[in-house]
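Across the two complexes that follow, subunit A remains constant while its partner is subunit B and subsequently subunit C.
After this line comes the complex of A and B, so read on.
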């Protein structure tokens, strides 16, 4: 597994897509740090872009890498290797290289500025969590669809759903049930979507959190309690592990 | 009648070593000069016009148990003392200095440190409170364990200027105080309000700086004039620049509202003119409840606020006109300095959050941006009556002649 991982990792880290992604993040973050001297504003602006664009970029890179290396994967599978190792190696290689790209792109401007605040840090952690979730998901979409186009369709579909569709649904529910204590439904629902969860994780650390008033206070109290942290971690972990297991099973049983 | 005015000196090596004894022996109009030393007083009463002068920082101490000095006469002047450690309690309101039924008292250049109430004025007229430094010393829990810095009850024609107040419950508190002036004060980090009006009419406050308090609250008052003040950093779940509740016929002009959760809250307040103010980087610049009517907002600058105006509904006689909004996206073809397209003041997201506050959880989400974009294309949700028909194209007040820049 380690060998597959190493090979895949070296392969990925040399691919221009990863570096373009890193450069893109770098220019966004550096741009905002350059134009606004206020670290909280920068974080807030980078957050909006990260939350919206990171899923689609990560998933596209991940799934395209999978499709491009399909023949190589098939070749590897003809050797006496465990199928699971091939997949797991690829999985971790992708996550690691994307996290490195993200770290360089985001952290370098922050470190240069010396902006070590709770919110810059939570944005970093949120980004890593999202990378894990979306790599796991896009590999699942890739293994599920042999056809590139339908694989990408899944990626785009899921991206739109997790960033916009899901929120719209929750918004609808909240408006429909607005005469009831609706935060009891909305807060758990926010835990279920990794994009929402990681966004709120950062927003609660920002100044604007004061605007959230009662709900924000409730959410904060819950999120930063032991149970809340456990649930947030569990939610992210499940989003990574469930697609991973599904993919593993398909990978084993697939007729290449 | 022969008036003999004498000066009595109190100090460690003087004939009078005890301030209390000295006060007993004074006649009307005497001057008592206190040089240095520490004097523990327990409800010592001044019942004749006197001048109390402190030199070399004499300390009047309450030992954490007593109310120290009570003035029950007209024309008393107290200058240059340090009032320290009054009693604290829930049954009695301990005040370092209590002034009752006094006309023309002057309290100036004193320091009040670590008292429950610093100054408590009752039934007084034409008093002056000037150049005092007041520190309650109780930031944490001051809401319940502390009293107010300058507390006025049933007073008239008072002047409060150049004071610095911090660490109390309310910095300056007015209850039934009419025709008074508050100017050039700095009130910061008080637990509840920097300045608090209750049932007070015809007052004016200007050139004050309020920062990091809960708010400045103006309640149940009429004809209050507020100008050239700075309200900044009132942040948190209940942070307001000015909180207006049942206020009639006031005027708010030339103020700066900077980084408050809510800059200006209108709750059942009527007939106010709000103009030439700058609302800079607040969470919500103006929150307007439907119960407020006949208010007019003009020539204000709205810059960098998360939301300019939020409301549950707007009374049709509320007018917004000729303000500057940095979010305005219209154009000015005829070049008269005013946008040709009306500016919609309330954004769809703030309408939704007003219906269901829980939706603030979608702050900074892509959905929020999507809703705003959709709303611009298909204006349906926002009640269209809240609009500025003549929005300014350029900033009116902020930064003109260096205005407001230095306060930030």
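After this line comes the complex of A and C, so read on.
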């Protein structure tokens, strides 16, 4: 596994797409830190943009890398390597290179400003975990679809659903049931969407959470209890592990 | 060296290959020929474990390949379309192969760098190389492995005649060392004067298996080209 990981990583870390992504994050974060002196406002602005754009960028890089390397995967599979090792090597190489790009793009401006707060850190950690989720999902879409166009359609579809569609749905449900204690339904629903979950984890650390009123307080109480944090982590890890296992199974039985 | 029994593969509704039972001996050069879509690549990929047969069995070196990937240590494979990771260099790829097979198994690489005149390209990223050079890199990686079986899928497709000739010489050198070489191609000059035996596939079935001279004899043709053309139209060999 490590042998595949090493060379896949060498290849990705030298690819312009990874560095463009890093540069893009750098300009967003640096731009916001430049224009406001309020770290909390900056974080919420960066949060909105990152959480919205990061899925589509990381998933596109990940799935295109998979499609471009299909013939190479074929060559690797003709070598005395286990199929699972070839896939796992690629999986971790993608995660690591995207996390490095993200870390440089996001952390450099934050460190320059010296903004070491709970919410800047929780945004950083959420970003890393989301990278894992998106790589795992986009590789699954790639391995499931031999056709590039349908693979990308899945990526775009998932992106729109998780960043926009799901929220609309939750909002609709909350409005419909507004006469009942809504949080009992909304909290479990949030756990089902990794994007919403990480957004809320960061937002609750910000002062703006106060604006969310009674429900916001309830959220905070639950999410930052031991059980809440554990459940949030478990939910994100399941989003990484379940697609990974599904992909591994398909990968083992796939014809190249 | 390689034995298949009723090897069959079905994609959706169509059989790509059906009931292929063949045996290749050590030190033989085998040409797999046939029109486009006749199952050449599927057959080769089954031996490599890239395609999982619908039914049937394959033995390489006496080992049932369904059981483990270890048999691949004795195989060198040259793929039809060499597409390596764009930002790696041939040197990186050589390191990868040495990492996987172990230094003891990859010894002759300097000879092949020289022979295929790859010296100046060794530290250039793959994306800067031409199609022909990429195919040379592919041949170089394949031959650098000290294997007992070499599998070449359309090895000369984008090579110039001079390099094709070098490749033919190297295939013969591997045969002298006792290796078995399987070449899949539809380019007749690639196999002319090189192969010991020919497998002719048509619609996934073996239409002919035997020596070139026998093929010429039964089709009563003098040139390989005409003999093969005749195979397409005549029933029952």
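In this text, the second predicted complex is superposed on the first by the 256 of 256 C-alpha atoms of A that agree within 3 Å, B and C clash if a C-alpha of one lies under 4 Å from a C-alpha of the other, contacts with A are read in each partner's own complex, and residues count from 1 in each chain.
One rule holds for everything that comes next: a residue touches a chain if its C-beta (ideal position, glycine included) is under 8 Å from a C-beta of that chain, and two chains touch if they have at least 3 such contacts.
Remember, it's a predicted structure, so these values are computed and weren't measured experimentally.
Asker: I'd like to know which partner A:168 touches here: subunit B for first, subunit C for second, both or neither.
Answerer: The answer is first: A:168 touches subunit B but not subunit C.
Asker: Taking the superposition on A as described, I'd like to know which of subunit B and subunit C A:74 touches: first, second, both or neither.
Answerer: It touches subunit C, and subunit B stays clear.
Asker: Applying the touch criterion given at the start, work out whether A:82 contacts subunit B, subunit C, both or neither, answering first, second, both or neither.
Answerer: second
Asker: Can you tell me whether subunit B or subunit C touches more residues on subunit A?
Answerer: B
Asker: Answer with first, second, both or neither: which of subunit B and subunit C does A:11 touch in the superposed model?
Answerer: Only subunit C is touched by A:11; subunit B is not.
Asker: Taking the superposition on A as described, I'd like to know which of subunit B and subunit C A:36 touches: first, second, both or neither.
Answerer: A:36 sits against neither subunit B nor subunit C.
Asker: Determine, under the contact definition given at the top, whether A:253 touches first (subunit B), second (subunit C), both, or neither.
Answerer: After superposition on chain A, A:253 lies in contact with subunit C alone.
Asker: So subunit A touches subunit B in one structure and subunit C in the other; where do those two contact lists coincide?
Answerer: none
Asker: Which residues of subunit A touch subunit C once you look at their complex with the stated criterion?
Answerer: 3, 6-8, 10-12, 14-15, 68-72, 74-75, 77-82, 253, 255-256
Asker: Give every residue of subunit B touching subunit A within the complex, in rising order.
Answerer: Residues 235-237, 239, 259, 261, 283-284, 306, 352, 355-367, 369-370 of subunit B touch subunit A in their complex.
Asker: Please name which positions on subunit A make contact with subunit B in the complex.
Answerer: 44, 47-48, 51-52, 163-164, 167-168, 171, 174-175, 178, 182-183, 186-187, 190, 196, 199-200, 203, 207-208, 210-217, 219
Asker: Which residues of subunit C touch subunit A in their complex?
Answerer: Its residues touching subunit A are 9, 11, 45, 48-52, 69-73, 75, 77, 79, 81-88, 92-93, 95-97, 99-101, 125, 151.
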